[in-house]
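Letters A, B, C and D name the chains as they come in the text, with residue numbers starting at 1 for each one.
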């Protein structure tokens, strides 16, 4: 175990050197948002995109957008938002404005930044307050998704789920959003396989959940995706709209969305900093490996990735209590004693990351159109979860292989889990695994293999390892994938981002 | 444990005195069948009923029907069947025929009896042969019911179930048959909630199962009900038609069908003798207590009844390997940690009767019209069964609260169980219950209460205990209920039944 | 989607589209994840072997049932001659909920105290009840739940009421015996339970009882009610009963019905018994 | 039942009633536990609160769908405004199975060896395949199962065939890029996968691709096939594809289709490419 942590630490430190020397368009758009820019131009293009593009096109983003915005504010004597609107209208070119004193610029920035950071802290306190006031469900938390594509239908579905016992609601994103290099704007009603993540949608759902939370007397957490080409911006939106959980993985985008790895590593760092500071629990995406790889053979890659995600989280200020490391119940039903291996893995993860609210994903790839059997597969998943005391329990849907959940699917899944968790509440405490039995040996084997893998990766370096297909059997090149053009080498000490210090300090206090 | 067995032994010995001093109309009809009588008269009345009634009406059944039949055979020089047909036609009155020598009578009887007993032995050997040839499914055996009311549809349903993995097929009887004081005749197509148990139906299903057994390469067991007012007769039919399992309880009829207790005790003794000799596994009905009583409160009454059933079985020559003692998964889903109590009970029964092929019944009374949730309840039942290594596993149906099983219900249930059994095959071996934990303590408590109960009953006597409502909260009087008029005190040494010795000797060899 | 394109329709966030939450009650359709999407799940078995033709047969059947875009999401041969299907589709059908009537035996359930008080004042004597699970049916839990002291789910049974004298005859009671007992105790009401419904045996049994009571000339004199998991008020009335009670019934429901019905009869002069 | 009464019909045991096992294939009905009982299970949610009226609404809906004796066996309010139902009933509907046609892209699947041999003799060159999961869809497992060396369930993919040169473009590939690649490599066939179907996004994406290929003038030159869990041959043809493949497809199926289709075109003179 220690070997694993050490190797993962080494891997992350190496990568971190690269990360700290770079920024990206999306990091800078996030900064623009943090400084107060929101909204779209007459064409519907988000203002953060417009201001950052303007500077990038001039090749001057290496100083950081904060510098240029503050300079503009000083030069024109308007608010950041007004400034951005003007840029949108084509009336202002940020890099053409007269340069203001660097001291003044930093002051202005610091002032704006502190305001936003305070707002984020307020949201964090509000969450803590509501948790104190209303309380919360027992762990494992019951986590369900809504994915109608229409935020208003999502609200209906989410509130119903909460009344049925859900503790966490995740609004699934529309297909394709992760590859958009901007964040859509406003309330949306037409997504595919999910609903667009927009600030307005966050707000609508947050309000709806707070409402129903009051009704059921239990705080309800809201989840969205801090993932894709706009990771840091979504982190900002989540922080400001009091999301509680964010899908946020250090490598998912690279492997599963073919997003450039340099871009992802830089983006995830700043986004995690924001998540960490906002008290948002991140959910990592190791479960995704098992949707393509074999769960028995690839179990150790899940564990290895969890160790890497843990280290990346630690360096960006996310405490263990906010690390929802992911794994999944994905062993084929055809395997004799497959459940024993699932138990071994679940228990192992639980023990290695004792403080982390482990995110446990349900069976997906072996779900079929036989919804009746699907209920059984999900029941055993529920059994494994309660026996090993997982933190965040994603409910499997009987219709997994068919459609995104209907109202009744969610009700049936919640009823399934509620029953299993209740009737088996303390089963885990009653049972001991046989010394040297199948379960214990399997756990030992997986850990050993993970250690081996991590040491190899530490030797190679993470980027090389990924390019050699070490994760998910997929190989990605450092210069390949989407979004590379948004990666910019910082102009060393000239680069300015007032938030890094604020967020990282916040953690030390 | 020993206390329980001792007390139960005492209870049974006491009752056994009464039993051995009596016979019943149904015991005598069974003897008539064993001597070779079958068929119905022109009105559809079974010939065994006609001959026995004739003698009973004359008040002479206390010598045993064997005596009268052999006497008739000698007097008229015809076969027993011919004799019975004549009785049916009103041409012969058995008690009016000239008396033949007792020595001759016994010889004739012995000859006929040996023939039938040989036939029964042949069926037993045939079963053993087929089991050797074809093999059988792994325990817990998958047991499903067919209950269309139409034997030909039953065949279709049964064969499909076998192809889906069923090891045991039970043909459920029509409502009301248990209170018929005769056994219906011929192939039948119109039952309610089940199909009439007739010898022809037994034969049709036996043939169908042997057929499909050859196809799937696995012996398939056939079950019916040796219960109600015709217990011993059905035992005969089952022995001759190679049934493998019989629902057969020493007290079920008394408590749940309001059959007179004297009648039941005498009937069950002879029926078990036949079952024992035929190698038929009996299934007792303790699970039924829990359909009316609370499974948490009444757990010890189930255990107590199992001890009594065990002792009754032993005295009638049923070896432990043929004792399918019953219990059930019937704790309310609403109870926190209810599953732990279910496990405790299942494990307890398993340990107390180590050689018995314990019959484990699925949830029934807490099943609802929500078939999706029903799949989950059944899944947990399957989990409990495989974790504790039960012998005969009755599959729960998702439609339990709605209708007798459809073809697809059985398929879904079998798929459910097959998956759970496979993925958890050796889970039980991997786990140990915590010393002094909830599960162990619960088991201890139930055993202790059962011992107390059995000792009380031993003190009172079984008949008095039943009349005081000790079982299933239902009180029955020794002179109440159906069928008392069929109980006859034997004429001591004049009473003659050639089969008792044959069946009981068979066991000693 | 380019930045210029909007992600979905831009909607004024303060103006919640009302249609989403307030369906048109005159045209109620199934709901999956969007109002009026008509989402329905089906499962059934066809007596044909699995395969492309079987799947198409299942789809056509679903279409005949009025499903649009029917998707056979699962097909499994469960025997050489039978195939099981799971189908999802969008139902074309709707119901006018606004005009649906579902008459119940009782409008407002009285408390035990109120029933007892009502009996005292209106009748001045205990009402005599005969209850049974009739013919081949042995499921007594339901009728016991209504009659026995203990009751069900915390609702005490009629035996616990001062105002009732209860004769619970138990399981598998022949109709003739019910009639005889009713005559013997001069019953005010007969309560019947029927649970087994296979091949409509309950309809046969229930009809038979009414005929016996009529033949005995006591049908008009007594309040006759029936309950069970597949019974409802309408069905019971069609069978010639005064009331029917389904799942979730408690003693209070039937107690209220009995006293109200007897009171009405008393007022209209159809009740004839003394104390 | 008295002894004199027969228990059910007395039937000659040697004469198995044939109807029970041989359904009339021109009138196939669902089967529960008796031939032609029409047994069907339904579940759905209605946007009304639970209660007697809701139950009746559910029953009426089932009736409109053609269910007789529809029984609402489960009703649960899953929100103040929504109620979930499980219904069983007997469908009046039947299908004429004897005339059902379910055309498949391929009649007889060739073995890998046969396909390779066929390509060698008929075309004398390797056939060029471009494959992709298009537009917003990122589910590559299905297309990979068809294309990749490893294949699926023990059936090797097209890459493992000597006769194919495979270009697997992966996930979320814009239609224009597919067309460009097909032109670049002078593809013989394009294989598309579509898994996400919500709001019919797959139909939109698939139609768009055909339009692009037509605009580029290459539609006629190539064999165009699509697969996915909700795709079937008929749907694909309606969308302007040459073939469609659903769940359970292996590389062999599509390989057979491609070579047969190209051979036909060669014979009828519609194939124009060289080696």
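Annotations for the structure displayed:
FYI, contacts are C-beta pairs under 8 Å (C-beta built on N, C-alpha and C of every residue); 3 or more make two chains touch, one makes a residue touch a chain.
What you see is a predicted model; the values in this text were computed from it and never measured.
Most remote chain with respect to chain C, judged by CA-atom centres, is A. With centres set at the average Cα position, the gap from chain A to chain D is 35 Å.
In terms of their C-alpha centroids, the spacing between chain C and chain D amounts to 40 Å.
Separating the centre of chain A from that of chain B, both taken as means of CA atoms, is a distance of 60 Å. Among all residues of chain A, those that touch two or more other chains are 147, 149, 156, 174, 176, 190-191, 370-372, 401, 403-404, 406-408. Multi-chain contact residues of chain D, defined as those touching 2 or more other chains: 21, 31-32, 35, 39, 41, 43-45, 71, 76, 81-82.
Contacts between chains leave no pair untouched here, as each chain touches all the others. Those residues of chain B whose C-beta lies close enough to touch chain A in the complex are 331, 333-340, 370-373, 375-380, 383, 398, 412, 415-416, 419-420, 422-427, 429-434, 437-439. Interface of chain A with chain C (complex): residues 43-46, 49, 147-150, 152-153, 156-157, 174, 176-177, 180-182, 184-191, 196, 198, 200, 203-204, 368-372, 399, 401-408. Within the complex formed with chain D, the residues of chain C that make contact are 21, 23, 25, 28-32, 35, 39-48, 51-53, 55-57, 60-61, 64-67, 71, 81-82, 91, 93-95, 97, 100-102, 104, 230. Put simply, chain A touches chain D in their complex at residues 147, 149, 156, 159-160, 163-164, 174-176, 179, 190-193, 256-258, 291-292, 365, 401, 403-404, 406-408, 411. Partner chain A is touched in their complex by these residues of chain C: 1, 3-13, 16-17, 20-21, 31-35, 39, 41, 43, 71-76, 86, 88.
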